[in-house]
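We call the chains A, B, C and D, going by the order they appear; numbering starts again at 1 in every chain.
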Amino acid sequence: MKHSCSCKTKALAPATVLSNEKLGPRIFRITLQLKGLGAKAFAAFKPGQFAQFEVRDLALPAKYAIPADLKDKSRKNNILRRPFSFYNVEVVEDSVILRALYLVLGAGTLRLSTTTAGDEISLVGPLGNGFSVPKNKKLALILAGGMGAPPLQHLGTFLAEKHPEIRVAAFAGARSKADLPFNLVKTHAETELSFCLEEFARHNIESHVATDDGSVGYKGFVTDLLQHWLTKNSIDPAQTIIYTCGPDPMLASVARLAASLNVDCQVSTERVMGCGFGVCQSCAIECYKPGTQEKIYKLCCTDGPVFDSREVAWK
Amino acid sequence: MKNSVDISVNFAGRQLQNPVLTASGTCGYVDELSDFMDVNCLGGFITKSITLKPRLGNPTPRIVETDSGMLNAIGLANIGLERFLSEKLPLIEKLSIPVYVNVAGQTLDEYLAVTEALCKCKALAGIELNISCPNVKAGGITFGKDPAQIESITAQVKKLCASKTLIVKLTPTVTEISDSARAAINGGADALSLVNTFTAMVIDIERRKPVLANRTGGLSGPAIKPMAVYLVNKVYNDVAKQAKIPILGLGGIQTGSDAIEFILAGATAVSIGTATFSEPNCCINVIEGIKNYCLRHKLSGVEQLIGSVE
Amino acid sequence: MKNSVDISVNFAGRQLQNPVLTASGTCGYVDELSDFMDVNCLGGFITKSITLKPRLGNPTPRIVETDSGMLNAIGLANIGLERFLSEKLPLIEKLSIPVYVNVAGQTLDEYLAVTEALCKCKALAGIELNISCPNVKAGGITFGKDPAQIESITAQVKKLCASKTLIVKLTPTVTEISDSARAAINGGADALSLVNTFTAMVIDIERRKPVLANRTGGLSGPAIKPMAVYLVNKVYNDVAKQAKIPILGLGGIQTGSDAIEFILAGATAVSIGTATFSEPNCCINVIEGIKNYCLRHKLSGVEQLIGSVE
Amino acid sequence: MKHSCSCKTKALAPATVLSNEKLGPRIFRITLQLKGLGAKAFAAFKPGQFAQFEVRDLALPAKYAIPADLKDKSRKNNILRRPFSFYNVEVVEDSVILRALYLVLGAGTLRLSTTTAGDEISLVGPLGNGFSVPKNKKLALILAGGMGAPPLQHLGTFLAEKHPEIRVAAFAGARSKADLPFNLVKTHAETELSFCLEEFARHNIESHVATDDGSVGYKGFVTDLLQHWLTKNSIDPAQTIIYTCGPDPMLASVARLAASLNVDCQVSTERVMGCGFGVCQSCAIECYKPGTQEKIYKLCCTDGPVFDSREVAWK
């Protein structure tokens, strides 16, 4: 809850859309470019941080192109920004290139989905704390659930580049193959886990896939997949850390698993956000007062979105 | 064309360098927005509501977006008087602009205790009495709907802060807002702030439950602006003009034009709330917009505009 | 999945084939929208307000768009009772759906005279008593802000239309809407309609004049929906549920989802107003949307949804 | 005020943008295509009728591209449609092509200005009565003021094609050359009126130009230009009709001139419109009750927008 830093680390800046592609029925990938002050601020963007996108002035898709279940939702005139993570942030000369994946869920993301190269979107960021890498870790286990993937992909790249001393293994779960926001690559291993993720493989990070319906990879939850992996790999709890992002129930079960393994665990959470920078108090997240069982609220946007899994009072 | 103009206003005896303030609960305690704007450029700062004890606030979800607006039911989450005095006051002391602390409570005694403590602080210009929060079970709006109670609580608070500006923040959800305004003025208010949010509700039709954990919340944002302008104009004409009590106008202001609209309606100064969430430097843009309007209309200042709508 | 469902509702003793009606003043007298929809597919029709004598209405501009809403100050422009009876009634007689005539007036006698004449018309299902129009100098809302007056005018009107459904349309701009509702019910209302528009104002900052010739107008459209849902839910819980008096909910409805929101909040039926201006077949789309919701949720009808928000 | 026709003459239909070009600093030309039911209804579109365009779901221009004086206005989330005339309506096979000119004045027209080929815009129309051609007319004088031009250009084409018995002369006025929504063509005549309008010349209609500042054509009002023309051309009042569209003060002065000449005159008016089809009563226009001095309101959208100039109670 400390807000005493007076140096300007955040920017309100226009970004130019370089591309916005439809990857699946409701999944899009957007690439943005920042220059000037925006580039300056976002150059320091850390994995797990996020930005607030202005969507209010963007067009909706044509009526016939709006999925039936979103038609009524699409009638809302938005005023608030929408928070998104990035799976890749790259400094290219004097500009910063941001890459995000997003799921179309309502009016805001429908609006975002109509932008095309050359359009301008106003961003506020970088926001939030981001993941941190505690000293003396030798193994990082990354668990991504559904659209929790982007910040963890960013983290994977970051660890591969900046922390070669850390071995990384990634586990991605989704409802089914179509919901997996990664490129699947067939591996040579002839097991039920014979797919890995191109995004991690690229950095020589081993990766594994689980789907609820078994349409690809392990059939079951990503936590079960991790436990399966643990039967074959021995870890030193003190030198291991789990990073995870996904729906709350998954985070809670990863937190329980981490606690049972006595392994550090950082969870990246999501809450409905009015501002993203600590002034509206909308994104409260129930936590324990350090060292007690007393419940307090922290702010997902400024205290988080990344928390130590022991801090959060899971439902 | 000149390119500078003095847009200072006299607000309850104090000269504000410009008529733009933050709105309580939307801009933090003091420096949370300093990444986006220089707080010392504002006309004044109004803090988040402070209560005697820290308040966790309501369970989540606490907000939901609506058409051109949003509901909030934060429930006055705040760090409480003690931490405010120890952590925030030192920062406020470094500011060069007037700071008003918004005071809330569940009981009369709580209001009085917080007021008493705050009024000892030299660094504070005054307090804004929040008797219009719709999102708490006790206190808040219950004081603010009945003119007799408004007058009584205002009078008792004013006794404790005679040396400071007392702004009374009114709720718009009454049959006759001018009666509320009159009561506050009779009680000794130095200024009126209007409006607070309008009680409202959004239902999640899939879960068949209210979206907000608190069931209902307060509507703010551009959606409410035309109602707020009307209420400011009504209070100005019915009561404030004659009583020479300045109005702090707010409700959906996003632009310099919006601010001018409130000033023409009768506001001496304005506050920016919800707009800050999407545009964290909104206050600064509004100040620029007001200046441009004055330059374009060849006005020597904004005071001549106050209440001047025909 | 089945592809049809019976969404009829019992509204004050009459079975409506679906819960969607037009809102007074936004869909004409009877057949103005027939280029865009088959009026016989509606749950019912509520006409523009009728007064004893024809009214020209207010000078222009009479409307102004606001953020996700609009103000109107039409001033009850209408053809008057006589022309209504001679020109419109014959068209109404040809319709197969219930038609309710919205009645307005400047004096009690005017309300009574119009009611008396209309209640002789077999083709009419009932009247909607408009004691909540904010845009006329006399009458209208002045009756609707005071519970004692609401009860008295309702009782006198009810005496003249005992055989017809009497819907009383309430204004939302009161401190305690449940008091208004209780008064109308005590006076003999068979149903309540809420809400009418919220008084508001837009100022043209270049001309420094209100945009509307009438200075103020009534705010309608999506901007007001969350307030209207709240008020419907409040009246349902405080008064209507126990009194078994149905509520006609309106304010910003654009979609089937919006209608379901009002029904969950406590409305038995809904009216579509402002949305018709941009989507002249909106009522039909709302009916389809309600059906789809029921099918998707495997409901046998909508009545079980009324007031069922947790 | 009669609304008893139950045949469906109006449609609510999606139109496809074929092109949307910027002609001047704030003037755009948009071309739309209707098919199906929309085409069916608009095939009968008459000069002087109009359509309501849905603008709420369209994008605003990027912030930097919004003119300073429209920035604050652009923050409004629209819900109402916007009325526009067409300067050309063409039936092409089973589709109808509509061509409009519009001036960017506020949030709605800013939104319209961002549409590009392939976008969809919802239209309601045809609305209003349109111009009519009384029997036995031999001369039609067309007076266009500013953005009142489009329906009159449409009328000019219509008269040339359908009423060869009527001689037409067109007069266009604007504040200055840049505000004139026509293509100027130099004529051989070496007078101060040495420009004509390509849009009328194409149909062999003589045309004349006036600008308030004299930047092109006659310096002065278009009514003065007409009076100037009348000094050189003799007319038979009974066989003459004036058609005009433009700002109210211009319409009033044309109405006075027509009355003084004892010539029939049809004025196309504009009012703020909530609906466009007679249900909101917002577009009231003060008229005289036929044959009396008693003032009544008629509706611009259904009784008009075209009125006999004697009907209207000018301010």
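One rule holds for everything that comes next: a contact is a pair of C-beta atoms (placed from the backbone, for glycine too) under 8 Å apart; a residue touches a chain by one contact, two chains touch by 3 or more.
As the structure is a prediction and not an experimental result, all values here were calculated from the model.
K.L.:
If you take the mean of the Cα atoms for each chain, which one ends up farthest from chain D?
P.N.:
A
K.L.:
Just curious, how far off is chain D from chain B if you go by their C-alpha centres, in Å?
P.N.:
Each chain's C-alpha centroid was found; their separation is 47 Å.
K.L.:
Mind checking the centre-to-centre distance between chain C and chain D? Centres are C-alpha means, answer in whole Å.
P.N.:
Comparing mean C-alpha positions, chain D is 36 Å from chain C.
K.L.:
How big is the gap, in whole Å, between where the Cα atoms of chain A centre and where those of chain D centre?
P.N.:
53
K.L.:
Counting only residues that touch at least 2 other chains, which ones in chain C make the list?
P.N.:
As it turns out, chain C has residues touching two or more other chains at 66-69, 221-222, 257.
K.L.:
Counting only residues that touch at least 2 other chains, which ones in chain D make the list?
P.N.:
56, 75-77, 79
K.L.:
Indicate which of the five shapes (line, ring, star, complete, other) describes how the chains touch one another.
P.N.:
Looks like everything touches everything, fully connected.
K.L.:
In their complex, what parts of chain D are in touch with chain B?
P.N.:
My answer: residues 71-73, 75-77.
K.L.:
Which of the residues in chain B come into contact with chain C in the complex?
P.N.:
66-69, 71, 145, 173-175, 198-203, 205, 208-210, 216, 219, 221-227, 229-230, 233, 252, 257, 260-261, 264-265, 293, 305, 308-310
K.L.:
Flag every residue of chain D that touches chain C in the complex, lowest number first.
P.N.:
Chain D residues touching chain C: 1, 3-4, 6, 8-12, 54, 56, 75-81, 124, 271-272, 274-285, 295-297.
K.L.:
Can you tell me which positions in chain B touch chain D when the two form their complex?
P.N.:
67-68, 222, 254-258, 289
K.L.:
In their complex, what parts of chain C are in touch with chain D?
P.N.:
Touching chain D from chain C are residues 25-28, 31-36, 48, 56-57, 60-70, 72, 74, 77, 79, 91, 221-222, 274, 276-281.
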